[in-house]
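Structure first, commentary second.
In this document, chain identifiers A, B and C correspond to the written order of the chains, with residue numbering beginning at 1 in each.
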Amino acid sequence: MSILRVDGLSKEFGGVHAVENLSFSFDPGQIYSIIGPNGAGKTTLFNLITGVYTPTDGKVFFEEKETAGLNPYELAAKGMARTFQNLQIFFNMTAVENVLVGLHLEMPRNLFGSILRTGGLGRKEKEAREEAERLMAFVGLRDYIGMDAGSMPYGALKRLEIARALASKPRLLLLDEPAAGLNHSETDEIDELIRKVAESGVTVVLVEHDMHLVMGISNHIVVLDYGRKLAEGSVDDVRNNPDVITAYLGSGALEVKEG
Amino acid sequence: MYAEFLQFLLSGITVGATYGLVGLGFFIIYNASHVINFAQGEFVMIGGMTAVFLVDAGAPLPIAVVGAVLAAIFVGILLEKLAIEPARKSADVVTLIIITIGASIFLRGLAQVVWDKDFHSLPAFSGEEPINIFGAIIVPQYLWIMGGAAVIVAALWYFFNKVPMGKAMTATAYNPLAARLVGIRVKTVMMLGFGLAGMLGAIAGILIAPIAFTSYEAGIMLGLKGFCALILGGLSTGRAVIIGGIIVGVAEALGAGYLSSEYKDAIAFIIILLVLIFMPQGLFGKKGADRV
Amino acid sequence: MTWLFNPRTGGLLVLAAVIALLPSFLPNNFYFDVAIRVGLNAMVCIGLNLLIGYAGQISLGHAGFIGLGAYGSAILTGQFEWAPLTAMFFTAALVALLAFFLGRPILKLKGHFLAMGTLGLGIIISIVLNTEAEWTGGPDGTMVNPLTLGSYEVYGEHIWYWIVGGVLLVSVWVALNIIESPIGRALRALHTSEVAAETCGVDVARYKLLIFVVSAVYASLAGSLLAHYGGFVTPVDASFLKSVELVTMVVLGGMASVYGAVIGAAILTVLPQLLTAFEDFEHMVLGLILMLTVIFLPKGLLPSLVARLKRKPKAEEAT
């Protein structure tokens, strides 16, 4: 059973085909990367998969069930989580509170229960807090637990978003440019983190520009260009594909040193 | 019966034209700065009241009109400089809304103090000799209003499409960053926008003062109905706003005439709610897609 | 001593102490009247603050809900001779339903359009209250029967003071419990990023609607109490100006601060009383307060004060 399948997916914005007739199928337990030049439709694809956009045509299947019409919050309940290219951290909260929002689906959520503080709310909050701290430690943010999100450095915030996304116990994690804006050592930390996440059984799909990261970590790559699939395959397949090289011509981005 | 219908229609179109002018004021500011200026109605009030008091002080009507328009332009520019600009960078939409609401209440309070709380009106521009059109009776002021609105709309069209400064404003509305990059000074555009909105509001207030009384509170309803014109027409072109205004005016007149005169004011607000809920892009607007 | 700073225990205790001790400082019934009105305004503001400060929405028509609560109680206890408490809760339930059905489409709007939608709603309500004279007494308003608890009729500023004081404490307690729950966190999250909140599993539309209904119920209950206390209701209680005053109170006292809402209500209810000599300037002052607060103190009085107090000890540590 595939964990994510996309079939003839298209999205049009007033005449511009952001994504056109895209199809691929991902199996669980792997690390996938989606790459392509800027404007190739990568973030649009993520938005289509996570229910933020509605497709103009085609279908998305999560664990072989069609996701048409499902809202992002429903998909989160079904086991899909994501991070954002342009950091969508809740800056009006502390770091750990951000992760607690990720745990929302596990918390008692009815109004009268909250007002009267019934149903063991205090205990659940405590358990959730411990879980959130554990997640922050997992992504390497143990020192930032009580800190205001607004005071945290950029690299830490990228990892915080991952911790928040992991809180909902997803089976599929979509990372939108997790290494954007990070320096070399920070990118290595993200690399390590992604491997850790994949080892824990979560299927990871990345959109990324950092080719060193992509080539080092991916089991399988899909290349997009102008919203269409240009190529697909293993790291070596893609690296040596002449169409892919042409699409990236001039950026030198495909020159990755071994090791 | 037809005469009665025509009567309602004509008075509705006339009042609607003023709503359209007020709506244009909203439109221009929104295009320049993405702010909905809740104080727009107060420009209308300032126009009407200033003209009244200048006339009472002995000024001939044309001078009073010019003076009133200048006063409103001045207030508009002041509002932009003192209240909007300081807050623009850090402010979110809710904050800007609150600022313009605060400004509108402040101006209303100021009007109360500077003038008074009574109702006033201007003498009609060319007399009050009724004109009979197929049985409907109108006064010459109606023609002034409709004519004035038409002239203004034409002048604005010319300004925004043919005059360099106007074209600069149009460009800024489409893409502020690109406009800045080609040397357009966005601050000037904003100031100009508020000034123009003040002018439009004042003219609307002056044109309608002979028919409907003006007072320090006149701005509230006229402002809100102008906003109704804006969203009914859709935020696309000035023409759409005027048409929206006329539709609101006619709906009000017909509703008051045939259904219930007590709920006349509610009609515009019901239209606002219905449009916002079912057709937020308005009659002529484009359906927007939310980009994340 | 840190428990004193905990909003739930310490804050409530401080508020209860203020309410208990205040009467010793109030010289006559007029002051009790002002205090009662502060309490009722505070109640509405607490609810409104949940909507504006925490969830980041806006309502320019909330006085409409006050009016509905007031007139609902007035009509049910007057023309239908219902028991006041039953009438009050029944009206609140009806207002909740109205807020639910109208709120659903209106809350899909954002920013200016949401503001206008709520504005339109509030004005339509006030026009209806003004017009349907047969039920409402029209622009002149209508008398309201006094509140009865069992067979005991509640009269007089002193007893009303304690009732409103108690209700205010409960209002604060309820609001704090909502804020500190997962619901409260979800609201704060959607305030900053609706998209991110959704991907965390928060049904954003539902929560916005929920808090809108809660804030409408707060207003309705306050309106009912106001009607019984004053013995009289007029459409002015539901006017656009009143809606703006409420927003000013919330903005001034502090967005996302329950006690800030109380303080904002207190300041803006007391101020006109102090400025009776300057009644003509009331609008100017209100407008100025609104603009200046939002430009210079965007977080409102209480949160800005708290932030300043928090910063001082850290600065001293640094040296």
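Here, a residue touches a chain if its C-beta (ideal position, glycine included) is under 8 Å from a C-beta of that chain, and two chains touch if they have at least 3 such contacts.
Bear in mind that the values here come from a model prediction, so they are computed numbers and not experimental data.
> Would you say B-C or A-C is joined by more C-beta pairs in contact?
B-C
> By C-alpha centroids, what is the most central chain here?
If one averages C-alpha positions chain by chain, the most central is C.
> Based on mean C-alpha positions, I'd like to know which chain lies farthest from chain C.
A
> Just how far, in Å, is the C-alpha centre of chain B from the one of chain A?
48
> Calculate how many whole Å lie between the centre of chain A and the centre of chain C, each centre taken as the average of the chain's C-alpha atoms.
Centre-to-centre distance between chain A and chain C: 41 Å.
> Distance from the CA centroid of chain B to that of chain C, rounded to the nearest Å?
32
> Two-or-more-chain contact residues of chain A, please, as numbers and ranges.
Within chain A, the residues that touch at least two other chains are 52.
> At least two partner chains per residue is the criterion; list those residues in chain B.
292
> Could you pull out the residues of chain C that touch at least 2 other chains?
Correct list: 195.
> Could you please specify the touching residues of chain B with respect to chain C in the complex?
Touching chain C: residues 36, 83, 86-87, 90-91, 93-95, 97-99, 101-110, 112-113, 220, 224, 227, 231, 262-263, 265-266, 269-270, 272-273, 276-277, 280, 292 of chain B.
> Sort out for me which residues of chain C touch chain A in the complex.
Touching chain A: residues 174, 177-178, 181-186, 188-189, 191-193, 195-204, 210, 214, 256 of chain C.
> Would you mind writing out the residues of chain C in touch with chain B in their complex?
Against chain B, chain C makes touches at 52, 56, 58, 60, 105-106, 108-113, 115-117, 119-121, 123-124, 127-128, 131, 195, 240-241, 244, 247-248, 251, 280-291, 294-295, 298.
> Would you tell me which residues of chain A are touching chain C in their complex?
Per the stated touch rule, the residues are 50, 52, 71-73, 75-77, 81-82, 84, 88-93, 97, 100-102, 104-105, 107-109, 111, 114-117, 121, 164-165, 167-168.
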